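Chain nomenclature is as follows: A, B, C and D, assigned in order of appearance, with residue numbering initiated at 1 for each chain independently.
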């Protein structure tokens, strides 16, 4: 676990960040880092007593490492980040960084409710090796999170982050869609490189691509269910829970889209919709972890209050994979 | 206006339909009618005193007739059908049929709240020349409109309709998404040929295509905002309010999708999103009709309680077209 | 059934209404009609072949006539009005009027989607004997039904109605809450006497009472579940589906509230919540009609697409009554 | 600020709690603690540099101490608890405890996303002097928070808490209504004494009172807007943001309700609705704090990302108070 020394170092880092002028994120020509590609949002394995199981985490990463992912999202919604302490969040990212080959991007979820806590967590994530920070919208006061508030929040975070920032909109969890006008404004920030959009509204995704077309701004689909459609309207990749269990297939779908083999892409996309819904909206992280167990990874239990699936739910989950030929 | 004689004839028609066995919709080989292509949902022109202006309707149709549309939807949501009497609904369809070349499909909205009224209206629509009936979900009691109720409703209508039936799901108006499982069940009915889905959830559209793939069932996107994405996941066309004003462009987008020119398609799709949203969700039929006035058609007033746009709204509407290069 | 002659008479009536100055609704001193009290929204009985069963309607009314109701709502949401033809709507009201003693108020639902149709139906309802018109918000284009549109709609209707108008807001069906500011504006119209509010938001009900306190404007709770609370914040009565089966009890609750016996009122209110939810939100009109059968009234079938309850639902419905001591 | 020593003590306390049998919450006769009455949910004052201003907190409490409140809620939604560190949350409660007279109840918000963190925070809150813990529903994964998950969560917390637990349902923030069946089950736990319900659905509040009537379970209204109505259906008090600025008036409303002066209560309730909405749903904590400044308390800034009101919003806020005679 990270001790007081690490936290102290984090705060020093923050001071440096605050006192420096524009950070190190921009290359000489001002091009933003390329984040295109597929990312599994890795789950956090727990032991039977609900401790983080770092060994299982590394094992999962080694297995996932065989697929041509662009990188990994750590501490996204599927990582159960709201259930981890700050130290655990950092330690998990640190371990993933040590395990990953250097050429794999590590996108670390660093969102917190307050702007200040988000800044601190983002700086810390950079210190433990994250390549970019994926920052979810604050949500508890979502009724007050209008464009002005969100622009203020993300601008502050991006100003002070030593690593590039990826916006993260996931209305199913937050009750809040990051407004398009806020995204467009934020796309002009030199340290904001893109957005992960998990809402599934492809009209919106197309509009964001369109209205940020002069900003070197990149859109990642937040789920495999609308990955093909997102590519079709200009997204450059996806963060897909399903890639934790069907990694080869999601990467194949990416390749089919990028090479213009739309007919085959469509057939593959079709067979991924139900499995994807099953491990996301329908059965959530408990469904994803159960499926990981089936596919040779370590899923294991979730932290409470997330509950295990019932036998009937497990059967329905399995059917969503078997009926599409994946099990 | 249709007199009592026509209504009497309608009821005789219904009797014939009820007493006949399977209708005339199925060709020898049991293939369903091909509805693929682009359709404008035509608006209903009104005079200053809120009478239906059949002359203007014909003028609009003549102008729209120059584009390679597959056909026209009459009495869809954009036709203000809830504001018309039954006689007006039929008369409008009758006039459109007389105006249209025979090779243009006429899809007539025939949905009512009760199953019985929907059956009667569908039969009447057939009698005045509709090629297919587009049947919106009943909505006033949407809290009770589960799959069982909707399957019962549509089965009854399709059983008794002398023309093919197209399902119509438009949650923004009805508060109700026709459930996928109901769609799958209904796709097996010999007289149900497809669905117009206006919800914009492309994951759902892909799933419907996938799960009805053995049923000769056709999906039409219900709006131009997600037309490209819908083609990408297997839709065969679209019913697009925007086609009332940018008919050439929507047809061009169709062609680009069908010929696999996805890059150009994407660019065109992008420029259509804001105009499309403007004439649908953002400003509704008043916005669509105002835009028609700008583009050389007759838009004119809506029936009350729909209100004209304010000057500020009109300006915002215009901006959505000018900023994308269409005005 | 009403023939063409009646309709012609209706239109003549409308002409008279349009040409007259302010209608006959206001007494000399300008006081509005008193609508305080309890009203059952009567159901429309159907035969096994889905014809309106006027005989059963009269029988139900005779039984309900033994309770101290202020009057009856006919063609409210529970009357399945969207499933009736215009002629049926009028005929039902006409029959109820003939059956009711003169001192019972008849509130007739006359709402249609268009303003013009609503005006015509309201005038017709007056001609067949309604004492007041209860006008539901138009709903198909609820996205456009802002305060301006609704104020315009109701003002037009109230201007032309020969009988007083009661606003009717039922968001569970319409997806639309009549905005408080619109209610306040409309409360100043001499021919608008009150509102039936079925939303159940007692803060809103209190606010409406407060902001219309100088307008001689009356609020009726739209359901028995929040009847006591509505009285507590200033409502003067209720339109309660539950009164179709537990008429004595709902009237008793009224009396306890009016005489300040709040403790007993609370106990009674508590026992009515589950039965009320059962015959409204939980099981809808099919639940209400089934319960009517149990309580000695004629419930009978609904018109399609409303479906009968399953055996399991019926059992759950019964439990909501037995567990509260009513069966 | 609390140092490592305090945290270590907290964890020891947790060990004791875990190893002990039933806690000290139940008196000999098994009666639950009486929490009836009015509570302001105190705000957390911040300096211009966003540090917690403990001096201002004490000043506010001294001023609020002149009203006959039953106690104070600390770290409720109005306390900006999601923006505080764990140490700050505890320190604030500790300071409030030291400032309050012993006879005022201190209800401390101790909810976290994970069950384990909530247990730890609850135990810590007890150690710094909280009389009871108010535990908000976990919300980030609200799609998975069904009755089973929530019953498990609260049971665990209540089992291990040395102080009584109050359930806390606030759907506007959490997107989640604690289901009535879960509330009923949890009401049987000896260490769960009540619920603060902020949803405003008085039918639901009445039903909860009714179905827990044998459980010595107490319901607090979560807002002043429906306080009278809640008393009318059996609530025993309220946690009212408005009491931070109109403390005397909210206490007077309580007294009028308890003494059966319903007519005066109604008049007072009416005048509190708009001010209450203004400092809650309409303008949130920024509105509440601004109003505190007007009424002689220290409101001050919120932590980011919450934004200050615009001049126009401030004016609208003021009007909600002046138009009701409070400013």
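By definition in this document, contacts are C-beta pairs under 8 Å (C-beta built on N, C-alpha and C of every residue); 3 or more make two chains touch, one makes a residue touch a chain.
Keep in mind that this is a model prediction, so the values were computed, not measured.
Undergrad: What is the graph distance from subunit A to subunit C, where chains are linked when they touch?
TA: So the least number of steps between the two chains is 2.
Undergrad: Farthest chain from subunit C, going by the mean of C-alpha atoms per chain?
TA: In terms of C-alpha centroids, the chain at the greatest distance from subunit C is A.
Undergrad: Report, in whole Å, the distance between the mean C-alpha point of subunit A and the mean C-alpha point of subunit D.
TA: About 34 Å separates the centre of subunit A from that of subunit D.
Undergrad: In angstrom, rounded to a whole number, how far apart do the mean CA points of subunit C and subunit D lie?
TA: Using C-alpha averages as centres, the distance is 39 Å.
Undergrad: Averaging only over C-alpha atoms, locate the centres of subunit B and subunit D and give their separation in whole Å.
TA: Taking the average C-alpha coordinate of subunit B and of subunit D, the gap between them is 51 Å.
Undergrad: Spell out the residues on subunit C that touch subunit D in their complex, using ranges where they run on.
TA: Counting only subunit C, the residues touching subunit D are 200-203, 206-207, 209-210, 213, 223, 225-226, 228-229, 232-234, 260, 262, 266, 269-271, 273-274, 277.
Undergrad: What residues of subunit B sit close enough to touch subunit C in their complex?
TA: Where subunit B meets subunit C, its residues are 4, 50, 77, 82-83, 85, 113-117, 138-146, 148-150, 152-153, 156, 172-175, 281, 284-286, 303-307.
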